[in-house]
Amino acid sequence: MKLTRRVKEILSWYESDNPGTKANLARILMEGRLGGSGKLVILPVDQGFEHGPARSFGVNPPAYDPHYHFQLAIDAGLSAYAAPLGPLEAGAGTFAGSIPLILKMNSSNSLSRLKEGADQAVTASIDDALRLGCSAIGFTIYPGSDAMFGQFEEIRELSREAKSKGLATVIWSYPRGGEITKKGELALDIDAYAAHMAALLGAHIIKVKLPTADLEQEEARRIYEQTKVPRETLTDRVKHIMQASFNGRRIVVFSGGAHKGEDAIFDDARAIRDGGGNGSIIGRNAFQRPREEALALLDRLVRIYQGKE
Amino acid sequence: MKLTRRVKEILSWYESDNPGTKANLARILMEGRLGGSGKLVILPVDQGFEHGPARSFGVNPPAYDPHYHFQLAIDAGLSAYAAPLGPLEAGAGTFAGSIPLILKMNSSNSLSRLKEGADQAVTASIDDALRLGCSAIGFTIYPGSDAMFGQFEEIRELSREAKSKGLATVIWSYPRGGEITKKGELALDIDAYAAHMAALLGAHIIKVKLPTADLEQEEARRIYEQTKVPRETLTDRVKHIMQASFNGRRIVVFSGGAHKGEDAIFDDARAIRDGGGNGSIIGRNAFQRPREEALALLDRLVRIYQGKE
Amino acid sequence: MKLTRRVKEILSWYESDNPGTKANLARILMEGRLGGSGKLVILPVDQGFEHGPARSFGVNPPAYDPHYHFQLAIDAGLSAYAAPLGPLEAGAGTFAGSIPLILKMNSSNSLSRLKEGADQAVTASIDDALRLGCSAIGFTIYPGSDAMFGQFEEIRELSREAKSKGLATVIWSYPRGGEITKKGELALDIDAYAAHMAALLGAHIIKVKLPTADLEQEEARRIYEQTKVPRETLTDRVKHIMQASFNGRRIVVFSGGAHKGEDAIFDDARAIRDGGGNGSIIGRNAFQRPREEALALLDRLVRIYQGKE
Amino acid sequence: MKLTRRVKEILSWYESDNPGTKANLARILMEGRLGGSGKLVILPVDQGFEHGPARSFGVNPPAYDPHYHFQLAIDAGLSAYAAPLGPLEAGAGTFAGSIPLILKMNSSNSLSRLKEGADQAVTASIDDALRLGCSAIGFTIYPGSDAMFGQFEEIRELSREAKSKGLATVIWSYPRGGEITKKGELALDIDAYAAHMAALLGAHIIKVKLPTADLEQEEARRIYEQTKVPRETLTDRVKHIMQASFNGRRIVVFSGGAHKGEDAIFDDARAIRDGGGNGSIIGRNAFQRPREEALALLDRLVRIYQGKE
Amino acid sequence: MKLTRRVKEILSWYESDNPGTKANLARILMEGRLGGSGKLVILPVDQGFEHGPARSFGVNPPAYDPHYHFQLAIDAGLSAYAAPLGPLEAGAGTFAGSIPLILKMNSSNSLSRLKEGADQAVTASIDDALRLGCSAIGFTIYPGSDAMFGQFEEIRELSREAKSKGLATVIWSYPRGGEITKKGELALDIDAYAAHMAALLGAHIIKVKLPTADLEQEEARRIYEQTKVPRETLTDRVKHIMQASFNGRRIVVFSGGAHKGEDAIFDDARAIRDGGGNGSIIGRNAFQRPREEALALLDRLVRIYQGKE
């Protein structure tokens, strides 16, 4: 499989990684309909831990079956499929070699009274990732929360081991807790900070939410205003997030958040594309729609990243 | 021993497991009077840690003897016998090869002032399971409790090692603690969530309590009502639990809870059977009755799962 | 599965073994049409290493397929199937739980110029046995050969690890090399010595060839003649082999050797049965016949051990 | 990447392997111009250890550069590239993700006075394979040689670890030494025996030389003649090698041996294809030609396996 | 159990050993009818490896049963029972705690063409000794043989591990091979040398044969004659052996050799007693007699060591 010039350029950013990790990044970047473009659409299905099965799959019952998601990602021509241990075990044999897998190592949990800043269990190991044939591990951090420090140390160890075995690391970076207001979780300064922390921690792929134009921290506001960082349009803000992610030397994908209207999703994607972001990680907005609708939506999303819409 | 078509189908769900783990699942599924049917009745005797000996065995003193339970499970033609380290050590030699064993690795403890959400000690190892000839390990999680995260990490390690050595994993999933009300512990949404978490953690066999028609979490209630999940009858609710367990791709057995009337037990079993559940895990309702009564009760239970009553 | 009185008696001989090893012995003793009788018929297919594929399977080409042998052992109602790593890997998933497996750990090799006393490679590990769901390991020793001492040390380590993990050990004991004449390999004194050595080494199941009435060693001849050990009939000689195997406290099975006539096989089996031997390990005489003939032959063999013929 | 039906069928043969190993086999089987067909052409460049640099690369000096071979394999649309540690390290970064890699773990060595049957050093580890992003390890055995037993034990350990980490195992099986004559090294019975041994040792992919119609071992000759194994044509002989490789349940590729004429190479490939073999492993015949000639040759080779010539 | 003054004195010689090893020596010294006296009679049954079953047990067939020897040693009130792995496994459960056990780790083998000086396999491990409840390990060395150096290194490792785990070490020291004449094997200088070597190697208990008055080595003869070491009577010679064994600071027991007349045995014992030896290790002279005769013989032997005859 000849890598494209763009994929080779992206791999060149990861200059301290061994060829195994680069090969797994290449597998993700060369997979599916966006393969070779440097753009990605990833299907994550880890809401079971966070929201439970009914809130996750109730509106589209076929999605209770773990095979459904493997098949959806393959049929839509996506770049990778991310899920916790159990769902990957339930399909990794049938779909071996059919799509790059990301083993989600920790997950939030809405049954716990320890909200927001609560710790998360690490529910899988690097050996699990290897035996299941995964290309990467995925890990969520909550910058701002009291649990943050423990999480940083967990991902330090997991990521170190993953990198030595030729796996890539994806960090989901969701600011919350501490002194961050609810509104502030999406503020541009906080989101950029979150993306930067993931980069600082050694992530190969960073996953953040799309930011608003708000600014949360007073010290940051002064700089943003003084240096006139453009932030009116979403495209501007995506550009800034990429800047905060080693000036674009790290792959960044953006999440769609809760189920929302199709037009909003497409507008978001155009902004990500035009702002130099690498793509979308789209879960509920895909698998909570009936399969045919989901495939249609993912088809348009892919076409947007292909620059066709 | 030729496996039935149904047992082969069930084994096919465990597509990431090695033949050793599949063989141990097959041993449980082919054992006893329900052998080959895909239905199971398991005898668990782990109440000693949780309730102490008198509350567990006082009403039926022969049950103080660990051999009593091995013999009861064998004579009743059950599928497996589950107990902590000590009781298995006390009978595993005499009854070697006579019935599949599940080594219960952790247990609640009512002497502790740390109630409900309290952590549990891991009181056995995978090497113990191998030297005692067990087919599986058993582990209890308390989704919702503060101890949940530590438990998830314990079962991650135990399960990873068990799977590599050809053993199966059974997870007892009992929601409690956190913001869950006492009533909510049995609510349909919470129970489905608990079963789903066990599946996410990589359980081969999931053990939950039978759910009520209640709904505990507000966000979940909206989905259940919007998507009109049937929940009037127990059969409906069992169907939903199976759905939440990878759409029926995992074996799920239901517990009978506290000692209760025989008719209630039989009605429960019919609902489990008709809802597509895999069977019962029945402890106190069996061993707290005199042996002859217990055998008669288990005989009817088996007959129900055989579709004869 | 209730063990028979006879199987419990046999298990009682293995008084230093843990319940895991006893359970695996019980699985072999309770399997198939002879299950519970204390008699065994085992299918070994390890001739590939020793004689190559054509000499092993050429006369019955379906036997080139590893699944053929699993199916043959199951359909004939045998007690266990023994083979090296590769063939077990090729079928252990499909036939998981369908028949006890014995992982053959070493094998002779007729390509080597190091004949007879040549060492053998150990081609599998205890972890392989566990992940493939085996009940026992199998190992060949060549008492008399120069390689004997190395082999004894290999089986010491393999057997120690196997026993700690709940697996059983089967030793194939074939005298050869050293000062043993070709004729002497089957001599009664040498065969008894070979069975005894396997017992001394800690074998749970001993596999030797049927002995002739010859006596090989001069010092032994004096004792046999002085103590008038009966050795005219094969039944007499089997009795003596059992005596040499801890006075019958170890399971001993006898091999049929090269392909031969059916009547000879049945006469051998009657002698084994009447002499108190535990059964036959029959490879080439089974799988080198067309499947229907092999099933008919094995059916009669089983019937002989059942005392029906 | 949707696997073809044929690739899924091939993966089903490896029923004891974890999804990681299956995914790596799938990567090889789906790569290049033959991707999905079940046919393979692999470029091996491990002659440096065996023949030194001048004998290997002198006739085509650009081939002294390790990048040359990666590029050749990619440009020719081959299935995988196999080489020792050093050459892979020299290119695995530049070509990460561009072609499946096989890390050759041992190699012959013509500087040693210990010829033919001599042992080989293991010059790489499983951790190397993972950090370089390899899909498989490669290992050479010399059935017949005195070194054979040590080699079998080396590959046992390497293969066990590789399988647990999700890698595949390729065994190069070259009979030599012992009592095998020079001519006998290619004899049909010996070659089938060699392929069978690799399968017995747990190889996923077997590499042997194309056999002649000779028969080397007297005992084998009798069987081949008695059972009338067709061996006149090379196609017949390839069929027999596939039969000896678990009746076609293992992937077998054939080597071209020393540099030879193009027509001979194409005739060989047609015989491999028509006999049900999985493809060619072609080293010197490719890289010892000028690049354009090599590409033209490999193009025709691929076209033959595509059934177009 | 209060130790006698004599036993405490003996234990004081082993001043570098940990309390575990001392406790195991105490168990042997306090066991049976000679318990507390500092005298020992040990039953060794390791002739199966060396002479085969018929030569060992043919004249007294009940002795084919491993339980026979445990029972004999217990009923005769002996100090310990020594045997290889298999026979100990066959009875260590039934007789757990009934008599101190010595696990014989290596054994000669008369099937091998490698006679006399041949190496011996180590057929058990320290872990085996611990799991079987042994008090000591036993090991044979052949001072003079080519195998001696390898044996010394084996016992170095076994003894080091045994001592670290609280076990005692018994060394059987039998000079043979090298330049030693057949007659010289029992010569006083050689026997003393053999006892001394065992002491040098760290044995807690030394087992040698009773010496003749011969002197084998010329250099030794000069010293013996010059220093007028008394050697006419067996008592004299036993005194010298004790002298050679750290001047009596090590326990030394003497073997009776081949089956011989009762009077000779009793005379030997009186000489051992009067020469300050610690006792007899008597195998074939015990178990090759009918049980009642053996018990009578052992009764007199014990009475001699008690000073009553």
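A, B, C, D and E are the chain letters, set down in written order, and residue numbers restart from 1 in every chain.
We adopt the following convention: contacts are C-beta pairs under 8 Å (C-beta built on N, C-alpha and C of every residue); 3 or more make two chains touch, one makes a residue touch a chain.
Keep in mind it's a predicted model, so treat the numbers as computed, not measured.
Trainee: Could you run down the chains that neighbour chain A and chain D together?
Mentor: Output, common partners of chain A and chain D: B.
Trainee: Determine the set of chains touching chain A that also touch chain E.
Mentor: Touching chain A and chain E alike: no chains returned.
Trainee: What's the farthest chain from chain A if centres are computed as the mean of the Cα atoms?
Mentor: Here the answer is chain E, farthest from chain A.
Trainee: Does B-C or B-D have more contacting C-beta pairs?
Mentor: B-C
Trainee: Between the options B-C, C-D or C-E, which interface matches A-D on more than half of its contact pairs by residue number?
Mentor: More than half of its contact pairs match A-D, so it is B-C.
Trainee: Going by CA means, which chain is nearest the middle of everything shown?
Mentor: Given all protein C-alpha atoms shown, the central chain works out to be C.
Trainee: Distance from the CA centroid of chain B to that of chain E, rounded to the nearest Å?
Mentor: From the centre of chain B to the centre of chain E is 56 Å.
Trainee: Distance between chain B and chain D based on Cα centroids, please, to the nearest Å.
Mentor: 49
Trainee: Distance from the CA centroid of chain A to that of chain B, rounded to the nearest Å?
Mentor: 36
Trainee: Residues of chain B that contact two or more other chains, please.
Mentor: Answer for chain B, listing residues that touch two or more other chains: 15-16, 18-19, 164.
Trainee: Taking the touch definition from the header, please name the shape of the chain graph: line, ring, star, complete or other.
Mentor: other
Trainee: Among all the chains shown, which pairs meet the touch rule set out at the top?
Mentor: A-B, A-D, B-C, B-D, C-D, C-E
Trainee: Which residues, counting only chain C, touch chain B once they are in their complex?
Mentor: 1-3, 7, 11, 18-27, 29-31, 74, 92-93, 96-99, 127, 130-134, 164-166
Trainee: Which residues of chain C touch chain D in their complex?
Mentor: Residues in contact with chain D: 48-49, 51-55, 58-59, 61-62, 64-66, 68, 84-94, 107, 109-114, 118-125, 127-128, 131-132.
Trainee: So in the complex, the part of chain C that touches chain E is made up of which residues?
Mentor: Interface residues on chain C, with respect to chain E: 13-17, 143-146, 148-153, 156-157, 160, 164, 175, 177-180, 189-190, 192-193, 195-197, 199-203, 217, 219-220, 223-224, 226-227, 229, 243-244, 246-247, 249-250.
Trainee: Note which residues of chain B are touching chain D in the complex, please.
Mentor: Where chain B meets chain D, its residues are 15-16, 18-19, 164.
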